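One chain, chain A, appears in both complexes that follow, with chain B as partner in the first and chain C in the second.
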Partner chain A sequence: MPNYAMVIDLHKCAGCGACAIACKNENNVPEGIYWANYIHRTRGKFPNVRYEFIPTLCNHCEEAPCVKACPVGAMHKDENGLTLHDPSKCIGCKACVVADPYGVIYFNEEKPHEFWYDKEEAIEKITSSGQEMGKNYDVPFPYYNPDRAKTYAGVRPKGVVEKCTMCDHRIKEGKVPYCVYSCPSGARVFGDLDDPNSEVNKLLNQYSYFRLGENFGTKPKVFYIREF
Partner chain B sequence: MNSFVPWDIRVTIDLFLGGVGVGAFLLALFAAAFGESYRLLRKTAAVISPVAVCMGLLFLIFELGRPERFITTLFRNNPASVMSWGVYLQAGFVILAVVYAVLVLQQKDEEGLGGLVKWLGGLFAVGVGLYHGFLLSSNASAALWNNGALPVIFFVSSVLSGIALVVLVNAVIPAHVTTAETAAETAAGGETGSAFNLNLVNIILLAVELLTVFAWMFTMARGNENMVFNLQYLLANYGTQWWLGAVVVGLVLPLVFSIYGLQSAKKGQVGSTLTTVTAVLILIGGFVLKNVILAAGQVNYPLF
Partner chain C sequence: MKLSRRSFIKASVATGVIAAGAGGTKPMLQALAENSGKENKQVSEGEWRPTVCQGCTTWCAVQVKVVNGRAVKVRGNPHSKANNHDGKVCPRAHLSLQQVYDPDRIKTPMKRTNPKKGRNEDPQFVPITWDEAIDEIAEKFLELRKNNEPHKFVLMRGRYTYLREILYGAFPKLIGSPNSISHSALCAEAEKFGSYYTEHYWGYRDYDLRNTRYVILWGADPLASNRQVPHAMNVWGEVMDRAKVAVIDPRLSVTAAKADEWLPVIPGEDGALATAMAHVILTEGLWNKSFVGDFVDGVNRFKQGETVDPETFQENLTYGLVRWWNLELKDRTPQWAEQKAGIPAEQIIRVAREFAEAAPKAISWLSPGTSMQVRGGYAAMAAHALNGLVGSVDNVGGTIRSAKYPTQAIPSVEPFMDDIAKAGNKHHKVDQRGYKEFPALKKGKSGKGVVTNRLADAILDEDPYEVKMAIGYWNNFTFSCAGASRWEKALEKLPFFVHITTHPSEMAMFADIVLPAAHHLYERLGYIESKANTISYIAMNQRVIEPVWDVRIDETEIPWMIAEKLAEKGFTNVLDYFKSIKDPETGKTPTNSWEFSEYVLKTMTQPIWDPAIKTEGDQFSGWEEFKKVGIWNSEPYKFRNKWKDFGTKTGKFEFYSETLKAALEHHAEKHNTNVDDIMKVTKYQARGELAFVPHYEEPFRWGDEKEYPFIFVEHRSRLNREARSANCQWYQEFKDVDPGDERWDDVAKINPVDAGKLGLKTGDKIRLKSPTGEIECTAKVWEGVRPGTIVKCYGQGHWAYGRIAAKDFKKRMPRGGNNNELLPADYERLSGSTVRHGGVTRVKVEKL
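This part shows the complex of A and B:
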């Protein structure tokens, strides 16, 4: 069985944020929720300044604290080393959100994609409401991606959490996660840690790397190389 | 980075009321050890215990995103999840506490199965009391929680709050007042039993709590950057609540009052003004302490 991981080459990353947008499209991620995200900061004082940009996503940790915390087994590790979530089991206790050091698990406080169910018109009797537009489609909302529903809820309902699945629906079809596919500079590399000839292993043996929050004992599987 | 604080005040209410239930149950067992002179106190404590735990659980259930699925926690479990242990501990404790309350009300708690219910209930009470702290301390990335002092702080606070609520209810419901006189009357009625000084019990618990809180804060202040960050976050955002509410009102004043009351047996009786005022202070302080630790502990130090 493969043990999937991701390597992010910070030297190639231009900080464009295409990964974050692509992820939203692919996974029908609602407003305020970011499966693929980034941390950025500027430090120093002119002229000695430095801008840092680190794309983030679920680390699919080997020792996932969210999986340990989940009381009903909704958050689980699959046979491919991915950390996945089952919304039909989730009770919305948020123990995983509390346990997760990375802030990559989000809770659906409201009905997702609410705009398309909203009756309010932007300008009364002049513009149409979100609901009027939304009802013309047989999908939950116009830009809905039905592929997502192959392995996870197409849209995760109110009251449960949701997170990155490393695009397990694409992986099953032999494709790479959509953020990897969409990265214009090829900064993201996806592969099997257990395969010595995989691209991720080649990069990890060629360069030194760091992972986020290594001191928490989570053994994260998103590796960052070539920090500059 | 997600800055959402997942557990709100409803979780504090559950931890607080659950703690009250644990404390009340342990007080009932303690009072039972002193024989019949505390029959009324034992009754109040035994009734408060399951009521408090159940009320707390109601808040917890409505804090869930999917309250209707709470029952699934009984048949879907995860041995690694502290919350999953809590489900079984609390379910067991509620059942035992209800049975014990019924037995106490029927005055059958010292006979037959009563003894078994009492000791098993005591075991579950300690289990639930410790569970609250372990639920938090099991989170490796929460610097304020992930240490050995936290479960002790929560457990002792629970016991203090439980005793305090029982003492308060005893004081406001006249029929339930256990004073030197009623204790003497019970004794005159041919019942056996001895008396304990509530102030002494409070002093021991408050001293342990103060020491543990001090040890905890000192360790945080001299800890790694996550610990220092989280302690500073707590003091910067909840400083007044912490020092005034949790420490002064909840621990120092009750300790001073209890030491003052220790000199006289009468002031140490359940039902005296001194013990009632002390009880109110302990309840306020206990709630604030748990709420501040819960809220501040959920804020993580930036990852990089």
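This part shows the complex of A and C:
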């Protein structure tokens, strides 16, 4: 069984956020929730200033604190080393959210995609409303991606948590996660950590790397190489 | 309760129905089921269909994934050899999904019922049918023609495809108006001025990034904006492995953040840096001897402050080097430039040296940032002249042009123009181009360029004449033109205005009739020409989904409908002309607007897809195959072809521009004056021969330093789809991918030193005031901006583009403030370009 991991080359990363936007697109992620996200910071004093950008996502930790914290087994490790979540088991207790040191698990406080149920029209009878648009399509919202529902709730309902699944639905079909596919600068590499010949291992052998929260004891599987 | 995946799906369909009527908070599983019931019906592979993304001027060939008739995703077209390697696109393309499916789109033609126009007037729009709308428009045309004043009609074009040849090219001529006014001067004409008056190229350059060893970016931020964005992002890691990158920009752009050198120039002082770099290259003997030539005896006489005898230098492929040195460069030392530009002399020397040492695989990359200043034309020339000095022009690893685009023209309108039309077309174009103070010297000719932003003044002052009717398409001048409030006044005055747009907009709010436009990426036909990575390409906009609403194609369908209506009312010329464009395959005459659109497209692109016509580049078996692939790629660029003859007056790369001299002298003669006077009225400082060489000019700024202590700097967003994406949730949610910016907000970035003096902290609400306008936004204290400057991204501040873009659409409350309400309407007059960069205005900051 593979042990999936991701390497992000910060030298190649252009800090554009296409990963985070494409993720929303692929996984039907509602407003305010970010399976893929980024951290940025500006250091130094003018004119010696450094701006850094680090794309983030669920680290699919080998020692995942969120899995340990889940009382009902909704948050679990799968056979490929991914940290996955089963919304049908989830009781919405948010123990995983509390245990997660990376802030990548989100709780659906509201009905998701409320925008598409709203009745307001900008200009009456001239422009549409989210609700009217929604009615025209047989899916939760017009650009809804049905592929997501192959392995997870297509849209996660109010009352449960959600997070990055490393696009397990795509992996199953031999594709790479959509953030990897969509990265315009080719900064993301996905592969099997247990395969010595995988591209991720080649990069990890070639460059020194760091992971977020190395000292948490979580053994994250998202690796960063080089500098932004 | 435990459910297997299968039973879970089953249960969801069942309980979905039951849950439908339930109010209040639903139990978790029921809620889950409700959603799932809807979502699982449509799992299907879908199909990737080719089209074009025109979210910026890169113009990427893309594909849309269509599942059961819905657009679900966008990616680069894998057939592209230029911009979209392996299907890559920049973040903008994804945002387009939230444009096409935006509930705030205009879904029907509408008519204003409140005759009073103004930002605070409710237009009281009511829906009308297409027939009613077109009928009213046709009547207005007939009225103008009846009164022999068809030239009082203006067609305003914003973004476009090459099917512009119908609405922008043929249609106004057939009606009788010369007034096809493009947006081009808002875009970057001043930049083209730089390459034209050195190497005779009026266009955007391509760059051989894969082979380059040094890149100087003059205000350009190719990882975020400018052209060829996905290509730049794709190769930038390699570029930085192999080459050095120096970024000249007062703000820390993302490209600057990743660069080897950041030169945070005092806004508008770029010319000092460019001339000083040229000075270093010459005094240190680093110019390209085989391209430029050398001293006859090989002894370098370029010494600071000393003039050189032209006889001692033998020039090769360039012209006027010694005169440039004597007139301008000899005193332009790095130490002098340090005082002007605020960049250490040693850094200027280092960049100049390393650039020249890497040459000819070196790029000096122009952008609006350097040139769109009142006195920016010569800075653009100076920056581009560096490419001439090091022989990187038209060379491997350098700055190049495009291959030929094998398209063909549509038939001439001439035989279809009646006497009224012919007389109308004889009038001077209404935008004041070619006036003494607006030379607009496109391609060497006085008044050939457009002065887009001047149209507002022309309308207001009725100079050269009154405008009675206008159609605007794919534009939003009330938002996108500096001095935006003048446009509100001009549109208030305009008696009849038709706006063709996908969304409500700042311009539509002043319209008498608004027509809903087909979205360019999803719903229309068209084609574009663009280039990157040494490849030129032609890609087609195609209808990949059924239109979301009852929309029409702006450039072809709407003029067809007007033509039909005009014919019905007795004026058949326009329709007769349109019907003369047949299907090149079958010879059929178009019978409706869609067929017409398709035949125009097929005609113009015929040399590409018709195997009977021999062309270079990708080959196709016929129209159907071209449609399916969606893009034609040229052969790779052939370097050094221009070296034989650049096309300038001297055939050489001109450091002393005989081409510009001829253009300026002709313009002066036209106005019975001399070039010095033209320099004066165009606000330039140069007198005498300095006007013909790239040289330093002090930046022109609005506002007194005492009253307005900060220099205002504006920049582009990597999420701007040309200021049309602010109504997309993802735009707002990810606005902080522009360094220093904040999500869901519009910030003015200020250095901590200045913020300290003003007692400002991040999050404070502030008002920015220039001598001509004011806006409100949020303060952001950030080290990535030069002290003494206020830096703000363009794109927010919409008050009429939809409910997300505005803070409160109904109350006309913008989210932040539009920079163009702050910027004065001023120009780089030699090119006609509107100005917005180079610190064209000073501002003051008030805490609210």
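Definition applied: the second predicted complex is superposed on the first by the 223 of 228 C-alpha atoms of A that agree within 3 Å, B and C clash if a C-alpha of one lies under 4 Å from a C-alpha of the other, contacts with A are read in each partner's own complex, and residues count from 1 in each chain.
The criterion applied here is as follows: a contact is a pair of C-beta atoms (placed from the backbone, for glycine too) under 8 Å apart; a residue touches a chain by one contact, two chains touch by 3 or more.
The structure presented is a predicted model; accordingly, all values stated were derived computationally and were not measured.
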item	value
Clash or fit, chain B versus chain C on superposed chain A	fit
Residue contacts on chain A - larger count, chain B or chain C	C
First, second, both or neither for A:I39, with chain B first and chain C second	first
Which of chain B and chain C A:K158 touches, first, second, both or neither	both
Which of chain B and chain C A:P2 touches, first, second, both or neither	neither
First, second, both or neither for A:Y102, with chain B first and chain C second	first
Chain A as apex of chain B and chain C, Cα-centre angle in degrees (nearest 10)	130
Touched partner set for A:G213, first chain B, second chain C, both or neither	first
Which of chain B and chain C A:K68 touches, first, second, both or neither	first
Touched partner set for A:I91, first chain B, second chain C, both or neither	both
Lowest C-alpha to C-alpha distance for chain C against chain B (Å)	5
Chain B/chain C common contact set on chain A	52, 89-92, 158-160
Chain A contact footprint on chain C (complex, rising order)	2-3, 8, 25-26, 28-29, 31-32, 34-36, 38-44, 67-68, 70-73, 75, 86-91, 94-95, 97-98, 101, 103-108, 110, 125-127, 223-224, 230, 233-234, 236-237, 240-241, 252, 254, 257-258, 262, 264, 504, 548-549, 718-719, 729-730, 733-734, 736-737, 739-740, 751, 753, 782-787, 802-803, 809-810
Residue numbers on chain A that touch chain C, as the complex places them	9, 11-12, 14-18, 20-22, 24-26, 31-32, 38, 40, 42-47, 49-53, 87-92, 111-112, 115, 120-123, 125-130, 132-133, 137-147, 149-150, 153-160, 181-187, 228
Complex interface listing, chain B residues touching chain A	1-4, 6-7, 63-66, 69-70, 72-73, 76-78, 80-84, 86-87, 138-142, 298, 300, 302-304
Residue ranges of chain A touching chain B (in the complex, touch as defined)	34, 37, 39, 52, 54, 56, 65, 67-73, 89-95, 97-109, 158-161, 212-213, 216-218
